[in-house]
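Labels run A, B and C following the written order; every chain starts at residue 1.
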Amino acid sequence: MQFDWMKIPYALLTLFIVVNFGMILTALVAKIAARVGRRRGIRIWQNYADLFKNYGLRSSITHGAMFYLGPVFRLTGGIGLLLFVPTIYGSYVFSNLSFAGDLILALYFIFFGTLGMALGAAESGHPHAAIGVSRGLSQVTTAELPLALAVFSVALQYHTLSVTAIVAAQQGGIEHWTLFTNPFAVAAAMLAFLGSMMRPPFDVVSAPQEIPIGPPTEYHSSYLAMMQTNRAIFPIAKIVVYMNLFFGGAASWPVFCLKVFLIYMVSVFIGVVFPRFRVEQSIRWFLIWALPLGVLAIVLV
Amino acid sequence: MKEELLKRTVKGPDGVEFEVEPLRDYYCEAAPTVMPGAYIKIVEDLFNWARAESLWILGFGTGCGAIEMRPLMTPRFDAYRYGIQWRPTPRQANLLVISGYLSVKTLKRAIRAYEQMQNPKYVVGLGSCTINGGMYWDSYNTIKRLDQYLPVDLYITGCMPRPEALLAGFDDLKNLIRAGQAEGANQYAENFDWYKANQKQVIHDWDMPDYNW
Amino acid sequence: MMRELHERLKCLFPLGELTEQRRGPPNELAFVSLPGAYLRPALLHLRDLEGFTHLVLLTAVDWLEEGQFQLTYLLSNRTQARDIGLRVFLPRDGATMASIHDLWPTAATYQRELREMFGIDFPDSPGVNDDFILEGWIDMPPYRRDFDTKRFAAENFSQRPGRTTTDPEQHMKAKLYPGEN
């Protein structure tokens, strides 16, 4: 098999665009959420200042090797998810490193970061980190179940594990989207989406008020900056997967921006309206409401 | 010193005896060092700009002045729009606001919190109690001059200063940081012995290492 | 109402005069003193038979000139909205009082505070010798009136030079009636 080396710089270009898009989009979303609370909200470039500040801190301390690797794993999860899924359908430059079985890899990468965080945070030895990680892992696991079922349902529906092929099958009009051809899978996946976006009602993991910020309690300076970078990339990367699987993909950057923004806004709308769930409540909620939808999607396909 | 902080031999659940010395186990004793800024001026300027625009305050209210910091987070004053936000852990914060009087007992905690923050870090003394003791000038358990114990970058006067005064003070602090004059962490490292001597003069039951990380 | 209670109690305990601070009903408040040896039976009687189930506070007053500490046990009867304070006087030197932490568990905290701030000992009260507010205190208990807080502050803490104080009376006189000095 011939590997096209030009794909690597092109993939890095995608990464660059997505990082900046993610930084501005998360600031915009924070601003929208602030306006709902009648605040003015942060400045649109605030994320850049925070990021530079954290990279620019002069000292940092470590708790051991896994403490280093935690943020690295987390960032790897975000970047990997982005790089192995085609960003723009039909574009050679922005198809990234996608290959025939990339759907399975994407599922793996969504979970990868959380696991890495668990190892790193545990090494820090801070009790709040341990509480946060146990909450986070149990919630993400239950949120992942309906997503996995929905993804399998879609894979069964199109008889492929390639994201590109799934996007290709959805072209030719809005009625070809998975959203309309397999609504139960999309519903299950969207409920799972809420659970992994770190917004209310499912943000008790990082809970800034009750347990001081959960898993990243001990992380600072460059470690924290890496996690902030990931926080810009990861939601976008995940939304790209959702967009490709369920909402017909995007054939150009303007369409990409619009669709990503709208999908992100789903979680924002729900987040500003509903108060926060506790972990056992959210687990029960996922198992009662989202999981049956996923099973139904599999059965119906 | 408390009994649980003493060096002792412990028998584990598997029958192995080992020695525990909590003060050495929990803390790092290496003294702080002076850390110069980036060599290239434009990089340091960029970092200083970022530091000024992203002030993360440690959510640690030491006295009654903390009540004036709460409105800053809420929609009325909304400090977040200036890049000022509160972090619950000293590791991520770079600004310690000593909000009002500081009793000797709290001073001990404030020192530990300050030392766990990462360089560069800033200290703002809020209210007249931090300047000359304020109305607690003859109290038996509050310190009278904050700058004897921690390197203070800025004082905000008043008893209490209103949130508007705090916002103006943070604005001044931003100008100091942008000009590269807020080097409190390095001052602390340079005059480490002097600060420690002052701290130990008022904290009579010193039961921690000289430097906590 | 309070007087009736006082009459009834007087048959049982050697009580002093009743000082009524607030007449009711409701919201009555009165104080009465009694010897320390009768405190415990009096508290039990009030708690179990007269409905004073709540220990509002336990505090001390330093009567330096008389060489005495006064302990005040303030009890509340919630249903009748009445408060009664029992006062006990102890000698100031080597002040010791019997603990009542078994009647109200919260009393242990008050007794710990009194031990630290006034130096009044309550043997058998749990944790009475632990640090309460002060850590590493080196002088005499600071709430005793012969403790000179100003001198202690001047000796222990470095003061910022240049601080001036004004006597409020003279200041207001000069401000309101200039030229009358």
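FYI, contacts are C-beta pairs under 8 Å (C-beta built on N, C-alpha and C of every residue); 3 or more make two chains touch, one makes a residue touch a chain.
Computed from a predicted model, the values in this text were never measured in an experiment.
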| What is the set of chains touching both subunit B and subunit C? | none
| note | Of all chains shown, the one whose Cα mean is least distant from the combined Cα mean is B
| task | Provide the C-alpha centroid distance between subunit A and subunit B, rounded to the nearest whole angstrom. | result | 36
| task | Quick one: report the Å distance separating subunit A from subunit C, using the average Cα coordinate of each chain. | result | 61
| task | Sort out for me which residues of subunit B touch subunit C in the complex. | result | 104-105, 108, 131-133, 137-145, 148, 198, 201-206
| Which of the residues in subunit C come into contact with subunit B in the complex? | 133-139, 142, 147, 149-150, 152-154, 156-160, 163
| note | The subunit B residues in contact with subunit A across the complex are 28, 35, 37-38, 46-47, 49-51, 53-54, 75, 78, 80-81, 83, 87-89, 91-92, 94, 118-120, 185, 213
| Which bits of subunit A are touching subunit B when the two form their complex? | 34, 37-43, 46, 48-53, 56-61, 208, 212-213, 216-221, 224
